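Two complexes come next, and they have one chain in common, chain A, joined by chain B in the first and chain C in the second.
Moving on, here comes the complex of A and B:
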């Protein structure tokens, strides 16, 4: 560390060049953070999935309904702890662009199944006491400025083609950072009662979530559930929540690949920019490096001086860029509701820090070797 | 006049000077050119996804093709008609007819799970039940291998896009619908349109398989002419027995693709904007060092009477040249790498998969070059101004 002053002096010698290079590194890391957040929004459901939860859906497709009576049958299957169901409501609040999910659920079963949704006990009590009551996630409540006590009209093109009115009785938060708090949940009894006039759908639900007693047995339990309903009019497909989320993400496309492609292009460019700055810096300084060597600096010391300089540059840019990305992404979804789980995960911040060091080493190594191999006499002649 | 000519020749000789010195600065010049190429590549690449998706959705439906949904439905998925209603619709004025009756196809639209070839995970694939007019109400529908399914039989034909994306969708393969297995007897193309993502069978067969009674979800119709649309629409919307929404097919598909296109375009612009900022810094760096290396030459020229305007313009030209070179490289790479790259994604409005090909359109390439030009202009402006405003005496003293 005693040479920090020297390294810093070298970096600040060409202030303009250093700051421009720093800025382009910074931008690259802002982009890195941004793309990580997009990837998180699209595939993050996989990590958030409960390891002890299975999703049961109609085998033919998710849009087909399953009998409500399956719940009791599932709960009797060995290894199944509990089951809860949800149904796609597909409602529109004012404009189709204001998309968020709504589902009728049985409150107690549902909240027990998804402990990641945190609802204050008194709001839970109010929900149980209000037939038309609904709870909504913090993000959506903030987006539309809903407060407890508001009446919210939501039109469903699927269910009765009418406007349903819900009383907001609770606002839930997420237990983890990535928890999706954009959905609205309302009571299944109110839903089922009201849709009776529609002639179809009564007594049927969209999909089930099962909690297994032992996650190690999840695959066996899934097989037993599907066997239970085999050869019935509504056969099921059961899979772990994570596999379901992964399958869903795959439907959007190979996001990881696209993100990696863009980042590859960005970092390749930054590598060139920083690399050319560093080699220029070393070229200008050949004479001085010769002096350093003449007064007793070892080859190793010269090598590490140059490497330290390039690492300092990239890490400075990296840290500033990651911090800026953190601030920018913490403002949430830039698309207005289409990416509810948009955030920059801490794990990726660490990956970014690692990348900034790697970038410094890679861009510094060639100029550093060049500096190390200088022969003192040649170098001094170039003064 | 002569001053103007003189001015141009000044610009020419300074620019020539700069361009000839490029080989000496090849490292930083290459970094700039590649940096700008990267911006254009990513920009054109990301937006070609949106353009391809939109093209697939809008390639479906010429001006004389219409679709009827139940009013209040934003997609076929949530629409619904009984047989009586579809009959009334087919008999409406404006619909073209041939020997076998009106060119209107009442259709059923469901989705089924099929494994993707690439990942093996399930995808929501649209399965459509059609009537005999289905091929005449769509444009350029052709069976490319195998044959059309037989009416009333449990057979399907699959779109070329679906055949490419999902396992076992080829002539001789089969589709499992519930407990039944239906053979695939043909593959069809629809000039890249959205129908190519679908599986088709007889509407009656699908109704039976899904216990749908005699119900449908939409009516596709071919009109006498594009001008007949208004008449057709008015007669349906004023009919008290019906409650419908009438759209041109092109409008319908444009509406369906809106969400996805908006998402990709927003993200694409954001990414490209950030990258462009990074590239501006790179270009500034290169041009500043170009100016620094030539401080004495420039000062000498100015001492000889070259104008500072000419110096600015010449340096900007040099930076523009590098930017355009980068833009051309990036655009070319994007075209080679992404044009016609096949992919499939989820269309949220219909909750089902759409297969499409990335489209690197001339419009996108022009936009890419515009970005490159802007980067070049900004990257050249400040260094050029600095070069032109250095005091001549001080610069010469650096000799």
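Moving on, here comes the complex of A and C:
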């Protein structure tokens, strides 16, 4: 710490140059924060997926339905603990831009399968007692200012092409920060009886989630499920919940690769900008470095001073950028519902901090070595 | 540490020193068969025209460079036997430098500049502050402690440079043209200061200069020309 004023003094020597470099680092880290939040929103479901849960869907595609009767058969398969189904409702609330997921479910089975959704007991009781009852996640409730007791009209372009009315009987929260609380769930019995008049889809569901008794046996259980329904009109494809979520994300592309590609380009540019600043800074004060060596600073100490300066520069920019990104992303999904799990994870903040230090070391190492190798007598002549 | 007086009272003993610089395929002989002895407590002036090798000799005595041949012994230590790291530590302990162009850090205040050599010691912050105050008082600049070099005159900057050179109480003070960039009045003040340090503090000083007025203040003057001593010391 006793060298701090020397490092700080050198850093602030050219205020405009340092400010511009700092600004470019800051912008890079804000971008880093945003991209991490987008990645989290797109692939976060993979991380939150239960290791003991499998998704069973129609082998052809997710939009093909499966018989409701499969549930009982699945639950008889060795290794399967329980099963619960969901069906894509695809409703629109007021405007197609107000996107959020709605699914009909069997309340008790569903809540048992997804303990990450926290619903107060009295609201659960109300849901069971209300045929048209629906529970909605906290984010969507806040987004549309819904409260318990509200009647919510949702138009489905798939089911009956009519406006369905639901009574909000509960608002659920997530057990973890990344838990998606944007969905609305309503009762399957109400859904199935109402759609009978459509003469299509009755007794059929979108997909099943099954809980395996032993996660280590998940692959065997998945194989057994698919074998059970092989050569039937509705063959199944069973996969871990994480792989299912990954499949959704992969429809957009390899998110991790895209994010890494953009960040790679940004940080490479920052590397050049900061590296150039540091090289210039060292070139300008070769004489001063010579003086430091003359009065007894060792080569290692001179190397450390230059490295500390570059690390301080990148860490300052990094911390400010990460803080700004944190503030900006903490306001939640900027798309109004398309990215429900949009947030900047603490893990990525720590990665960002590490990145800022690494950036400082990489950009500082060449100028620092140049400073270290200076011969004192030569350096003093260049004062 | 070796006894500084082990060499018959000589603090500095330069023996048979040669210094050759290589520029491309050309060898430039800057110093040839140089012998010099400086007793402890002496104020010695090294005079000579540009290119005579006086600054190179000063660099060798200060451990900033190594001789091509011969030995340099200061305070009982053979400098050619020390590694770069040991040499840096040795300089911090034994040598104070005063440069022609002051060579202060423009981003630091006067007191921070003076404190620089003390950062390499194990002194506490309070101890360092006390040493800095003493050094600045000795050069008459206590009132300018918080000022940056750019707000000071050349004479004041050089006095800060001297304070930095003496703050660790070095065995030897090496001054490379300390008045070379100053007007006569400011130069005289600096020479008075160096003289006082020598007479009152017993500081051993070697000063490179090409100004006879400056060398007249030294107790002894040796002349160099074309890398050899021409007067003041036996060859």
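Here is the rule we use: the second predicted complex is superposed on the first by the 383 of 383 C-alpha atoms of A that agree within 3 Å, B and C clash if a C-alpha of one lies under 4 Å from a C-alpha of the other, contacts with A are read in each partner's own complex, and residues count from 1 in each chain.
What we mean here is this: contacts are C-beta pairs under 8 Å (C-beta built on N, C-alpha and C of every residue); 3 or more make two chains touch, one makes a residue touch a chain.
Worth saying up front: this structure is predicted, and the values here are computed from it rather than measured.
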| message | One more residue to check, A:90. First (chain B), second (chain C), both or neither? | response | first
- May I ask you to decide whether A:108 touches chain B, chain C, both, or neither, giving the answer as first, second, both or neither? neither
Would you check which partner chain A:9 touches, where first means chain B only, second means chain C only, and both and neither mean what they say?
second
* In the overlay, answer first, second, both or neither for which of chain B and chain C A:34 touches. => first
**Asked** Which partner does A:231 reach: the first (chain B), the second (chain C), both, or neither?
**Response** first
**Asked** Touching A:377 in the superposition: chain B (first), chain C (second), both, neither?
**Response** second
The answer to whether chain B or chain C touches more of chain A is B
(Q) After the superposition on A, what does A:163 contact: first (chain B), second (chain C), both or neither? (A) neither
| Counting only touches as set out at the top, which of chain B and chain C does A:295 meet: first, second, both, neither? | second
Touching chain C in the complex, chain A uses residues 2-3, 5-6, 9-10, 12-13, 287-288, 291-301, 375-377, 380, 383
Given the complex, residues on chain C that touch chain A span 56, 59, 62, 64-65, 84-85, 88-89, 91-93, 95, 97, 99, 101, 103, 105-108, 112, 116-117, 119-120, 125, 164
Residue set of chain B touching chain A in the complex reads 27-28, 30-31, 34-35, 38, 41-42, 45-46, 72-74, 77-78, 110-113, 116, 118-119, 121-124, 177-179, 259, 262-263, 266-267, 270-271, 274-275, 277-279, 281-282, 284-285, 288-289, 343-346, 348, 351, 353
Residue set of chain A touching chain B in the complex reads 16-17, 20-21, 23-24, 27-28, 30-31, 34-35, 38, 59-63, 90, 92, 96-97, 99, 155, 157-158, 161, 231, 235, 237, 243, 246-247, 250-254, 261-262, 265-266, 268-270, 272-273, 275-277, 279-280, 334-335, 338-339
